[in-house]
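Look at the two complexes coming up: chain A is in both, with chain B in one and chain C in the other.
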Partner chain A sequence: MAFIEARGVEFAYSPEEPLVIDGIDVKIEKGSYVAILGHNGCGKSTLAKLLCGIVAPTEGQILVDGINTCDGEQEFELRKKCGMVFQNPDNQLVASVVEEDVAFAPENLGLPREEIRKRVDSALATVDMSEYAKHTTHKLSGGQKQRIAIAGILAMQPECIIFDEATAMLDPTGRKEIAAAMKRLNKELGITVVTITHYMGEAIEADRIIVMNQGKIIADGTPAEIFSKVEQLKEVSLAVPQVTELLYMLECDGYQMPRGILHAMDAAEVLTQKLKK
Partner chain B sequence: MNAIELKNVSVVYGEGTPFKKIALNNINTCFPQGTVTGIIGHTGSGKSTLASLLNGLLKPTSGEVLLFDKSIWEKPKEMVQIRSQVGLVFQYPEYQLFDETVEADIAFGPRNLKLPQEEIDKRVKLAAEFCGITERDLKRSPFELSGGQKRRAAIAGVLAMQPKVLVLDEPAAGLDPKGREEILGGLIEYKNTYGATLIIISHSMEDVAKYADNILVMNNGEIYMQGAVEEIFLQAERLFDANLDVPQITKLFIELKKRGLCESSDIYTLGYAKKVIEKLLG
Partner chain C sequence: MLKDVTFGQYFPGNSLLHKADARFKVLILIEYIVIVLLANSAYAVGLGLLLTAFLMVFSGVKIRLLLKSVKPLIFVLVFTCLINLFLTRGSGAPLVDWSFIKIYKEGVRNAIAMLIRLLSLVLGTSVLISFTTSPLELTDALESLLSPLKKIKVPVHEFAMMMSIALRFIPTLIEETNKIISAQKARCADFDSGNIFKKLKAMVPILIPLFVSAVRRAEELADAMECRCYHGGKGRTKLNVMHAKLRDYIFLLAVTAIIAGVVVLNRYDASFIKNLIKDLVF
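And then the complex of A and B:
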């Protein structure tokens, strides 16, 4: 059985407004690593909020590990299963000291003191912020704040974490660190990771990419499958990695080039073959 | 002529406390009039501190900030003058929208300059055009707009001040590729129309490569590298050392050069890359 399952989901913010989510059926398997791509306003953030039950669908239903997200009585169970990291770190920090902020969730779960200590330390280590444990949160830079927000979710040890453009404000190193953390959470701890992103580099890391446009899913597959559809992605205002685009442009000019090349090294390999001939 | 020049500028936060931090250490640089400078550097490297020095939002602990060769701190009472010449757009400017309509929000700055109504209307219209805001959107509440539209409305509010120097902290963060292009393209158009100077802080090497003339690389509160775009991206190794990146396309050419298939690696835009490869393929 899928960990998250959406059946015929529709959503509008009010009855007069157009549908933001327009008929979505999707299954996300336990332990998978899924990236959701789409341009601004395509409904991907709304989908993320629906998947972890922050908003309820106007039509259809969503099951998270068998729990219907509309079932108010099981709300706490649902929250324990599925955490969400948002785009803006300033909206997610609640305490004035870093380690207190990370401890907020486990404290509210009523865990014993030693367990909280353990979880906070390991969560901070995962995002490489251990040395800031005693610092005040408001003096951190944007990227550091975001890492604390991620640690706060990690300390809850949820089965699934949804990242809503959580790396949008980080520098390349920070982004790599968070991407590595996502991968570690997924591959080592078996946490289901759903990441919403504009960064193609981040989407490539996922096992599966879902592309959205105007509230609908328009493509679903592995990174190589998705990025071989250059025209289709451009139609919905998405970019492909630069090397993918370069090979595509060459192909349009009549050169024979393979599709779905995503990394600079693979492209170098392809071009080496062509140039040596 | 330099629009802005920094001479021996240092900024120390929390002097005399255990959290004392030297945010900027002896910065010397200039931003020539009519150019686009991209400031890159990892989180906490001092980019945003540098930006808030440029319109006098922050006073340097030591050193001088010159705007068209005049120190901006010479007569602190005339700071309003400085602020109308140097526009500063913070990260996520859409959080600063407040008025009832987009039009009124954009008009807020010029209105406070006590300009005649006719001039205000003209400026609002122009600024909206640069930012791709439609006539219809001007009448809407800014809170009904999408994220990308809000961002454009907020930037239009600064353009309506018609600043000679525009400093933008991550203007395209969180936008999709099309949104990035619309905003950055509009800013370049503004620059070309008014001969303005743009200073853009960005994490996106691809955007910097595409839009900037010069690059200033910050690292640990110091200037790590500065120069023309092609000079900077040619020194990929040094950028990697500072935990920074080069555009993906440049990485490809660095690898091709290593394999002896291509002579230069200072290639950072797609169009040029295509030409080079086609020439190699013959």
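And then the complex of A and C:
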């Protein structure tokens, strides 16, 4: 069984308003690395909130590791399995001191002190912030704050972390830090990572991309598959990675170009081949 | 504009008072206030002053900083002293009798007593709490001290949580306010001229965006907290538990003994203070 499974999910913030999520069926396997793309307001954040049970679907159901997100009794179990990192690092840090913030989740779980200490230390080590344990949170850089937020979720030892535009407010350095952290969580700790992003550079790192438009999933596949459909993406006003765009433009000018090239080096390879001919 | 707002006046340090358990400091502050209010005779007041001096030394806070904390209160201090001096009507002949001004012995006594009391209160609170206890420690201490009230359904944990989140967001909101001020200035808002009403009116375009963003932040924070399994204080454990050491108990006991001392010394009141005033004035 898939780790997360959504069946016919619909959702509206209020009965009068139009559906924000309009019939979504999706399965996310354990240990996978999924990116969700879509233009502003297409319902990505809402989907993320549905997946970790902050809001309940108006229609259909979502199972996370077999737990229905509407099941109030197992709310706690669900939260432990699926954590979420939000866009604005300032609005998700609870405590003024780094280590107390990271301890927030295990404290809520009622763990014994030694266990909390262990989890805090190892979570901080995972995001490479151990030496900041006693620092004040508000004096850290954006990327560091976001890493603390990730550590705060890690301390819960979830099986899945959803990143809702976790890199959107960061500078390029911060963005790289977080992207690297996400990859490490997925590859080394085997945590299922779902990342919502507007940066194609981050999306191509994923194993799978889901494209949303107006509350529906309109494409689902590997990065190479998704970015082959340049026209379809342009239709829903999404960008493609720069090199894909370049090859696409050359194709439009009448050259024969392969689709689904994502990395600069691959593109360079293709182009030199063509030029040699 | 808000650059130099620091919350509280906490100075990190390593003094005896810094290291003392915050819960005990709160209790000792209460005892200290009792001492200051009870002390009536010169001996008792002297004992109180001695305690204040000890606390100041133990806090390791520089005298200059302490005087700074008193500075804004000078007007209040002088004013209450003068009121006491001029308005107290005593028995016996006035010491000074010049047209409508009459100063009696009791007036002098009240003025001095009032001055000492107010000064002690300010200094004591500063060294015991504001200068040597971080706001977070204080919140934790209050939560722990008030926890018996949970039995009668007082939401102690919730209040403490609110306090600590407020403390956490003060720097964030100050930063945001500065940004909004700059943004409004860039739109030619004028905050510095005009009378007080004009200035207050000029604050509106700062406060509204600040308020809106604070509400948005609160919503997001609530989601984030829920995601991290927050469900109120029930069944919650803590990473940092406060540890009372032997010296905290000794400290508390010593101050309690001083209360007793003050009560005893208060008996030696009347004759002694009269003599003191006589010596001082004549």
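Following the convention adopted for this analysis, the second predicted complex is superposed on the first by the 277 of 277 C-alpha atoms of A that agree within 3 Å, B and C clash if a C-alpha of one lies under 4 Å from a C-alpha of the other, contacts with A are read in each partner's own complex, and residues count from 1 in each chain.
Rule of thumb we're sticking to: a residue touches a chain if its C-beta (ideal position, glycine included) is under 8 Å from a C-beta of that chain, and two chains touch if they have at least 3 such contacts.
All figures in this text were calculated on a predicted structure; none of them were measured in a lab.
Asker: After the superposition on A, what does A:245 contact: first (chain B), second (chain C), both or neither?
Answerer: first
Asker: Go through the superposed model and pick first if A:120 touches only chain B, second if only chain C, both, or neither.
Answerer: second
Asker: Taking the superposition on A as described, I'd like to know which of chain B and chain C A:221 touches: first, second, both or neither.
Answerer: So A:221 meets neither chain B nor chain C here.
Asker: Just checking: does A:112 make contact with chain B only, chain C only, both, or neither of them? Give me first, second, both or neither.
Answerer: A:112: touches chain C, not chain B.
Asker: Touch check for A:173: first (chain B), second (chain C), both, or neither?
Answerer: first
Asker: Applying the touch criterion given at the start, work out whether A:271 contacts chain B, chain C, both or neither, answering first, second, both or neither.
Answerer: A:271 sits against chain B, while chain C stays out of touch.
Asker: Between chain B (first) and chain C (second), which, if any, makes contact with A:92: first, second, both or neither?
Answerer: A:92 contacts chain C only, not chain B.
Asker: Overlap of the chain B and chain C footprints on chain A, residue-wise?
Answerer: Looking at chain A, the two contact sets intersect at 88.
Asker: Note which residues of chain B are touching chain A in the complex, please.
Answerer: Residues 19, 41-44, 48, 91-92, 146-148, 170, 173-179, 203, 205-206, 243-245, 247-249, 251-252, 255-256, 259, 261, 270, 273-274, 277-278, 280-281.
Asker: Could you pull out which chain A residues touch chain C in their complex?
Answerer: It comes out as residues 49, 52, 54, 76, 79-80, 83-84, 86, 88, 90-97, 99-100, 103-113, 116-117, 120, 137-138, 149, 152-153, 156.
Asker: Enumerate the contact residues on chain C facing chain A in the complex.
Answerer: 135-136, 164-165, 167-168, 171-172, 175, 217, 220-221, 223-231, 235-241
Asker: Would you mind writing out the residues of chain A in touch with chain B in their complex?
Answerer: For this pair, the touching residues of chain A are 38-41, 87-88, 135, 139, 141-144, 165, 168-175, 198, 201, 237-239, 241-243, 245-246, 249-250, 253, 255, 264-265, 267-268, 271-272, 274-275.
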